[in-house]
Structure formats: C-alpha cells, structure tokens
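Note that chain A is present in both complexes that follow, paired respectively with chain B and with chain C.
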Partner chain A sequence: MTLRTACWWTFGILSAAFLVAPLALVVAFSFGENPHATLPFGNPTLQWYRELFAGDDFLAALRNSAIVTSCVGMLSAVLGTAAAFGFTAIDRKVSRLGVQLISLPVMLPPLVLALALATAFSATRIPLGLGTVIPSHLIFTQPFVLLIIYARLTSFDRSLIDSARDLGASSLQIFCTITLPLIAPSLIGATLLAMAISLDDFVITFFTIGGGMTLPTLIWGMLRTHLDPTINALGTLVLVLTLGLSVIAFKLTRYRG
Partner chain B sequence: MSSIRSRDVAAVAPSFLVWTGFFFAPILYLLVVSFWRVRQYKLVTDASFDNYLLAAGEYRHAIVFTLVLAALVGVVTTVFAFAMAYMIRFHAGRFGNVLLFIALTTLFGGYLVKIYAWKGLLGSTGIINQALLAAGLISEPISWFLYSPFAVVITLVHFLLPYALLPINAALRGVDDAPIEAARDLGARPSRILIDVILPQCERGILTAFALAFFVSAGDYVTPQLVGGTDTFMIGNFIQSQFVNRMNAPVGAALAFATLLMTLFVVALVSLLYRRILKACAT
Partner chain C sequence: MLSASEHTPLLRLTGISKSFGTQAALHPLDLSVARGDFVALLGPSGCGKTTLLRVIGGFLRSDQGRVEINGADVTDLGPEQRPTNMVFQGYGLFPHMTVRQNVAYGLKIARTPAEKLSQAVGEILEMMHISGLSDRLPRALSGGQQQRVALARALVMKPSVLLLDEPLAALDLQLRKSMQIELRNLHREIGGTFICVTHDQGEAIALANRVAVMNAGRIVQEGTPEDIYQRPSNAFVAGFVGESNILSLTRQSGSCLLAGNIIPSSGPDGTVAMMIRPDDISLVEVKPAADISLYGQLTDAVFMGDHVKLIVAAETGDMLTVHRSRQAWHSDPIESGKRIFASWSRDACHILEQS
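This part shows the complex of A and B:
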C-alpha cells in the first residue's frame, strides 16, 4: 500500500466515523447508567427504556406516530403508484413536467411549507390534529413513491404486457398477475421509505398537529424543558425505526447510491 | 398513444389534488399573506410592500448572515462529499460500498437526534472536550464548541453530507476512465486532471449537492436554536418567531419569500460561475 492510498483510507475511515459516531454515542448512552452525555457510559442498564415506556406522554406519542406513519405510508403508496402509472402512459414531455411539479415540495425548506400549511389551516378554520398532519406529510412523501415506481415502470419489459393482452387478458388481470408482482419489491421499498420520512419529520408535524405529539415532537419537548436521560432511549428508538425502514427500503429497491 | 386518455388523467388526479390542496394553494396563500398586515392580532387585507421593505431593512443583516453561513455549510459539505466520492471512485475498492451504505442508511432518519447528539458532543463537559483534556491538548474546556456558528456549521455538515454525497457520487461514477488515463499517460498532474477532466464532467452533481446543502441550511431554524446559542440567530429563527411568538404571519411570510428569492439568486450565480472558476483555476 502506497502512502497515498494509506492517506485516502485514513480519510475514508475518519469520514465514516464522522457520520456514525454521533448516532452511535446516543445509542451507547441509552444503555448506560451515566445520566449525563459524558464518559464513562456506566454499567449497562435498561433503566432509561423502562422509564420511557412507563411515561403516558411517550405512549400517546408512539400511538400518534404509528397512526400517522401507517396512514401516510399507505396513502403515498396508492397515490404515488397511481400517478406513476398515469405518467408512464402519457407523453414523455408532459409526464416529466408533471413529475417535477409533484416533486416540488421536497425542494422547499420544511419551515416554509409548515408555515404555509399552518396559515392556510388557520384561515380555513380546519381544526389541527392528526387529520391535518397526514395530508401535510403526504405532499413530501408521495414524490418518493412516484419517482421510484416511475423509474421502475420506464425500465419495464412491455412485451410481457403485450403478449398477455394478445392472449386475451383483461387490464385488471394484467395488473394483478404481471405488473403488480413485478413492481412489488419497489412498491414495498418506496412505501417503507415514505414511512421513514414521515416518522422522522419534526418541522411540518410541529406546525400542523396542534396540541398532540409524535415521537419527534416529544424529543423536541424533552430538549426544551430539562435534560432528561430517557431522551437517549427515545432517540435510539426513532433511529432504529427510521434507519431500519430505510435499510429494508434500499435493499428492496436495489438502490446503491 | 399521443392523445391523453381519461384513465391516465384519473390515475394522476388524486396525487395532483393533494398537491394542489396542501401545497400549491397554501404556498400561494402565504405569498398573498406576505403583502398583508396584522392589526390587533387579525389579518388586514390591504396589500403593500411594507413587509418586504422591513425584510430589506431591519432584517437585512440576519438574511445576509444566514446566506453567508449557509454558503459556508454548502461549500464545506460539497468539498467534503466530493473528497469522499472521489475516494469511493478511485481509491476505495469495496470500502467505498461501506461508505455509501452508511450515507444511504443515515439519509432519512434521526434529524432531531443528530442535532442533539452534537449538542452533547460539543458541550464543555461533552466528549470532545473530555478527550482533548485527557490527551493534555487543552487545559480547560473550549467553550466556543457549542452555542456558536461553529456548532451550527458542523451539525449541518454532518446532517447534509449524505445528501451531498449521492449526487456527486452518481456524477463521478459517470466519468469515463479513458480520458483520465490518456491525460495521465501524457504526463498531466493529478490536480490538472481533476480541474480539466473530472470537475467539468461533474458539474451537475456538484451543483445539485451545493444547492441542496445551501437551501436546507438557509431554511433551517432547529439547528441554530438548539446548538447556535444567542449570537447565531438565523433567518429561520426570526421567521419562526414572527409566526409563533408575535403572531405576525405577514412579516414572517415576507421574510421567508425574501430569503427564498435570495437563495435562488445565489444558486443561479454559483451555477453561472462554476465553469469560469474552473477556467480560472486551470490557468
């Protein structure tokens, strides 16, 4: 190994450490007796998790997060897939513009989006709650499903569908027996990704939920009030859920960067 | 298939309805509100440019400070991500896949967790100060690690690095080996190859990475609020506070759109200058 290669490897290892270390430390602190974010971690303990799960706030937040995440996942899957099918059938130029329009909310700072939604909800007197959080999440999760399924459908072997139609299959039969099984891994992956993004969102949720809480807004509340060591257990839980969903999603969609 | 069938319109319609109702209409309404006023906690619908004049006057320093800090984050993140992508493309072998996997995995999770992790790391009793003290490099904790622009920059770079790595990595993967080898065979130095062959071909990936990091940083208020302390108020904090504390949506909206316009302007400027900067570096 030359000196230059050694230097590049050192840089690579340091950047990997830079990306992972802060998250790894949160996980490590959540299992240690030391209540402060200092070394040593202390003896291994599940104390913080027991305290976290005993709290009413946490259970309510977990329930809300579960409702929002599953609704947003399902709705993004249906809307994004339907739109992807529609766009692949129409003229390329029109569909490209349409895909870009639908993806626009992802490009905007979340704060602007959150304030636009909060202002609009207050002007139309729509009461804030989970019912306003879910469509608000939908606008920045559906683009991901649309983009993934659209990409999958454009690389699709059309001859399968054509031969099925020649053999007399109905559109529904073609969809259920050919198209859906072929896009299923991408569809599940895209749905999980939408769920990870929804589960992790703080800014939009904070401005559109009104009084309730989700896991990220509970973390925010803990950060604002006092240094509560159970925050590491809560943070670890959010990390495991969101990163876990992402890993499975990227494995299923075979996305490698 | 040139004509648009009603079935395809029906398939796209639900997505567009949600988009119109919960994105387009609210953003348009916010734009209209940015010209209104608030009197006694009520919106008054007389349009004027007063809020924008306020943004250009009283809030000019905050906007400029935000743009400078966001540009710094954008540049640091892009250079860091380019170095990582360069290593993955030319020097890493299978280790490159590990780096990409880490970046992909941490992409969509733990926004708040990442920020508060840095809060714990950078504090005067935090691990970094502990390590420096133990190593004897410093005799007392460094206080400017936390609640400073430095903390905001390092936290945002950490959060944005995976986002910047992906487009640059995709761009570098598309760079052909043949011209690089030809340049090397003709005796070009690595820096020359980088500027003349590689960087021009990565223009889109690099600009996308910069724009992404710059936009997100300029619009963030959570990071400065948690790790920025009292002297790192970014425009996001003012916007948020106009809405939440002062109940003045028009001023907050005007600040948001003014900043958005400025960020678009900066990104357009950087895109225009990219080739010129490369040319200047080449000579």
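This part shows the complex of A and C:
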C-alpha cells in the first residue's frame, strides 16, 4: 500500500468513526449501569429499558407512533400507487411535471413545511392531533412511494398486460393477478421506506401534533427535563426500528443512493 | 351438404384502415380467411402487418371498417371478448407463474371447473412436449421452450383464430426450422385457423397455405405460396418473395424487346419489368433457338451450401443471378470470366406492370 492510499484509508475510517461514534455511544450508554451518561459505561444492564417501558409517557408515545407510522405507511402505499398508475397512463410530459410537483415537499426544508402546515391548520381551525399529523406526514412520504412505483411501472413489460387481456382477464383481474404481484417487492419496500421516514420525523410532528407525543417528540421532551439513560434506551429503540425498516426497504426495492 | 357456416369465411375484414397521427399504417383493406387456413401476413418491417394482426386481435381499434369472426361483428370488442388468442413476439409469459400456472391462466379466468381445467392443461402440455417443465418458472426455460409455453397458453383456450406475431423470430436458425415443421404439424393436427405475421418469406412459404404479401399498409397480393412465388403480381412481390432477376423493358404495341428477343405482352405501352427466378435460367455455350437468351460473362460463383450462386454480367448491363444445384455445378463447372449465354424458356418470364 502506498502512502497515498494509506492516507485515504485513514481519512475514510476517521470520517466513518465520526459519523457512527455518537450512535454507538447512545447504544452503549443504554446498556450501561452508569446513570450520568459518562464513561465508564458500568456493568451491562437492561435497567433503563425496564424504566422506559414502565413510564406512561413512553407507552402513549409508542402507541401514537405506531398509529401514525402504520396509517402513513398504508395511506402512502395506496395513494402513491394510485398516483403512479395515473401518471403512467397519461402523456409523458404532463406526467413528468406532475411527479415533480408532487415531489416538491421533499425538497422543501422541513421547518418551512411544518410552519406552513401549522399555519394552515390554525387558520382553518382544524384541531391539532394525530388527525393532522397523519396527512402532514403523507405530504412528504407519499412522493417516495410514487417515485419508486412510477419507476417500476415505466419499465413494466406491456406484453404481459396484453397477454392477460387476450386470455380474457378484466382490468381488475389483471391488476390483482399480474401487476400487483409483480410490483409487490417495490411496493412493500416503498411502504417501509415511507414508514421509516414517518417514524423518525420530529419537526413536522412537533408542529402539527398539538398536545400528544410520538417517540421523537418524547425524546425531545425528556431531553429538556432530565438527562438519564432511558433516553438512550429510547433512542436505541427508534434507531433499530428505523434502520430495520430502511434495510428491508432497500433490499426489496434495490434502491441505491 | 355444407352448412351455412362453412360457406361464410371464418374471419372477414372489410375496409380496415388505421392511422397513427398523420402516418397511415393501414390503407383500407379487405381480407377473408377460411376455416382451417394457415395465413401468413408477409412483408418488410413497417408494412403494417403487425398493426393488422393487433386489429384482428382487438388490441388496436381500426379507424374504419369491420372485423367479423364466425359471422359475428367483433369490431367494438376488446381482446378479452374475442374468440382469438395471440402468441406475442416476446411471448409475454407471466414471470411470477410456473409453466402450468401460465397455461392455466385463461381457463382460470373463465372459471373452468378444476377437474376440466387440469385435464385440458395436462393435454396441451403433453401435446407441446413440455409436461416435464410444468413446475418451472419462465426464466428457467430456453427460448424454444418459452415459445412452446406461449403456444400452449394460447391453444388451451381453443381459439377460433390463433394469432402469431413473428412467432419464431427470437429463435436460432436450427430451432426455427424444426419449430416451423412442428407448427405445421400442429396446425394439421388440431385443424385450427392460424394467422401468422412474419418478415421471413421462407417462413411464410414453409408454414402457410395462404400468403398475403403486404407493403406500405396495403395487401399487394394474396394467394397460395405457389401463386405468390410463381406468379407475383408486381415487382415488389417478385423482389420480396424468393430471389429474382428483374429486368426493365419497354413495351411497344404488344411486345417487348430484349437484346434481340421479342417477348409478346399485351397492355399499354410503357416501361414494364420482367422477372425470372434464378433457378429458371441455364447457362449454355450455344445460343438456343427457341428460348430467350442474353449473352454475357460469368463474373462470380458463390458456394451457398445446397446450391451455387452464379453472377452473370449480361450484354444489356444487367447483372443476372443464376442458381445451379451443387451436383450440376461439380459435374460441369464453368470458369469465371467465360463468355456464355444465359437462357430461359418463355414460360419462365413474368411480365410485371410497374406499380
């Protein structure tokens, strides 16, 4: 190995360490006895997880996160797929414009989007709660489903649909027996991705939830009052859930980059 | 006594036309197909043959005209409602279904009782010699096997008309030849009506009992393969079907003159084309009295496997292609550069009106 490549390797490893170290620390502290989140970690323990699960706040936040994430996942799957089918059926130029328009919220800074949503809800006197969090999340999760399914459909072999029609299948039968099974991996992956994005969103949830809590807003609340390793336990939990969903999603959609 | 249905054609197209934007893909055309026919729609790419097939199958709506099958007007019906089935060029096999599931798909959609379904599927798999592959997915099959599955999937529906879109185009030469024979046998065995699109004139002649030659959105000639080959109606058909020599002549008051040969031909004065098949020409050293002959020089002899292709530069400036069997060539070769007469009988001349 030349000096040059050695330098690049060192730089790469240091960068990776810088990125991963905080996460590794959170995970490590959540399993250590030391209550001040300082080194040394202390003996391994599950004490913080026990305390976390004993708290009412956590269970309420977990319940809310579960409701929001699953609703957002399902709704963005249905809406994104419907939109993708619609866009593949119309003129290419129009559909490209439409897809870009729908994807716009992903490009916006979350804070601006959150502020806009909060303003809109208060102006129309819609009471804040999970009922406002779910549609707000849909605005920036659904484009991911749309883009993934749209890409899958544009490479879909038309002769399969022609063959099924030729063999007597109706549009609904073709969708259920041919199209859906073939796009299923992309669809499941896209849905999981939408769920992962929804699960760890803080900014938009914070502005649109009103009184309640989800897991990310609970972390924020806990940070303000006390800094003990139950936060680390909670952080680890959210990390595992989000990473798990994303890993499965990327595997299924073969999405790279 | 014949029943009424045997008098009316199984498929009748009247005044079918189709345009894509400003591009006319099909000019108004008529076609009748009798029960049991194997029809080849033959033509170069872009001639409208696949468009015509898709109109027959119901995948494209014609701008004008009627499509009748078994005497019933199906013009406004989609493919799912027509008694036709198609074998697609890329086969269109469902990649997530096994061979058996692919073949059973149409019957399942039609809610065929399970027992009847599995019997019908079993029979057709047997007939196409793919019983052993029934649990495989399409991607685990060779091109020839996929072709059989696609055929089985269409035939199990017992279509009134089986449509084949370039069915053998994706196969290599060896396989294509053996599938041609098999398709012929299949047609004979089940006695159905097949319509096949192809750009390969050899394939059309080998498969079909009727050939419709298409060019630029029109059917330019329709007839038996022999008709098409022996009596092409114009220069396009002569040039497209089989190898041919086409000489340009001027007709004046009922006869054409070709380097001293007088060929009677009725019709208006003007330029006409004369077509002679390469295997109708013989090369001789002495000018024959009765036949038509052109003096020329042998410029090249190309070994083609089963025959030898000879190129003769004629005195008129035309290059003539002459075919000789391998045996004839070996027993009596002619050296390149030799001056000889290319001659053919008057029956072998076909005068084609310039269209």
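The rule is short, and it goes like this: the second predicted complex is superposed on the first by the 257 of 257 C-alpha atoms of A that agree within 3 Å, B and C clash if a C-alpha of one lies under 4 Å from a C-alpha of the other, contacts with A are read in each partner's own complex, and residues count from 1 in each chain.
Definition applied: contacts are C-beta pairs under 8 Å (C-beta built on N, C-alpha and C of every residue); 3 or more make two chains touch, one makes a residue touch a chain.
It should be emphasised that the depicted structure is a prediction, and the values quoted were computed from it without experimental measurement.
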item: When chain B and chain C are modelled together on chain A, clash or fit; value: fit
item: Which of chain B and chain C A:Leu167 touches, first, second, both or neither; value: second
item: First, second, both or neither for A:Asp157, with chain B first and chain C second; value: second
item: Of chain C and chain B, partner touching more chain A residues; value: B
item: After the two structures are overlaid on chain A, angle v-u-w for chain B, chain A, chain C in degrees (C-alpha centres, nearest 10); value: 100
item: Touching partner for A:Gly212 - first (chain B), second (chain C), both, neither; value: neither
item: First (chain B), second (chain C), both or neither touched by A:Ala82; value: first
item: Chain B versus chain C as contact partner of A:Ile178, first or second or both or neither; value: second
item: Distance in angstrom between the closest Cα atoms of chain C and chain B, superposition on A; value: 10
item: Contacts on chain A seen with chain B and repeated with chain C across the two complexes; value: none
item: Touch list for chain A against partner chain B, complex; value: 4-5, 8-9, 11-12, 15-16, 18-20, 22-23, 25-26, 29, 36-39, 78-80, 82-83, 85-87, 89-91, 94, 98, 101-102, 104-105, 107-113, 115-120, 123, 135-136, 138-139, 142, 146, 193, 196-197, 200-203, 207, 216, 219-220, 223, 231, 235, 238-239, 241-243, 245-247, 250, 255-257
item: Contact set on chain B toward chain A in their complex; value: 1-2, 4-5, 7-12, 14-16, 18-19, 21-23, 25-27, 29-30, 33, 43, 80, 83-84, 87, 91-92, 95-100, 102-114, 116-121, 123, 125-127, 130, 158, 161-162, 165-166, 169-170, 215-216, 218-222, 226, 236, 239-240, 243, 249, 252-253, 256, 260
item: Of chain A, residues touching chain C in the complex; value: 157, 159-160, 162-170, 173, 177-178, 181-182
item: Touching residues on chain C, where the partner in the complex is chain A; value: 57, 59, 78-81, 84-86, 88-96, 105-106, 109-110, 153-154, 157
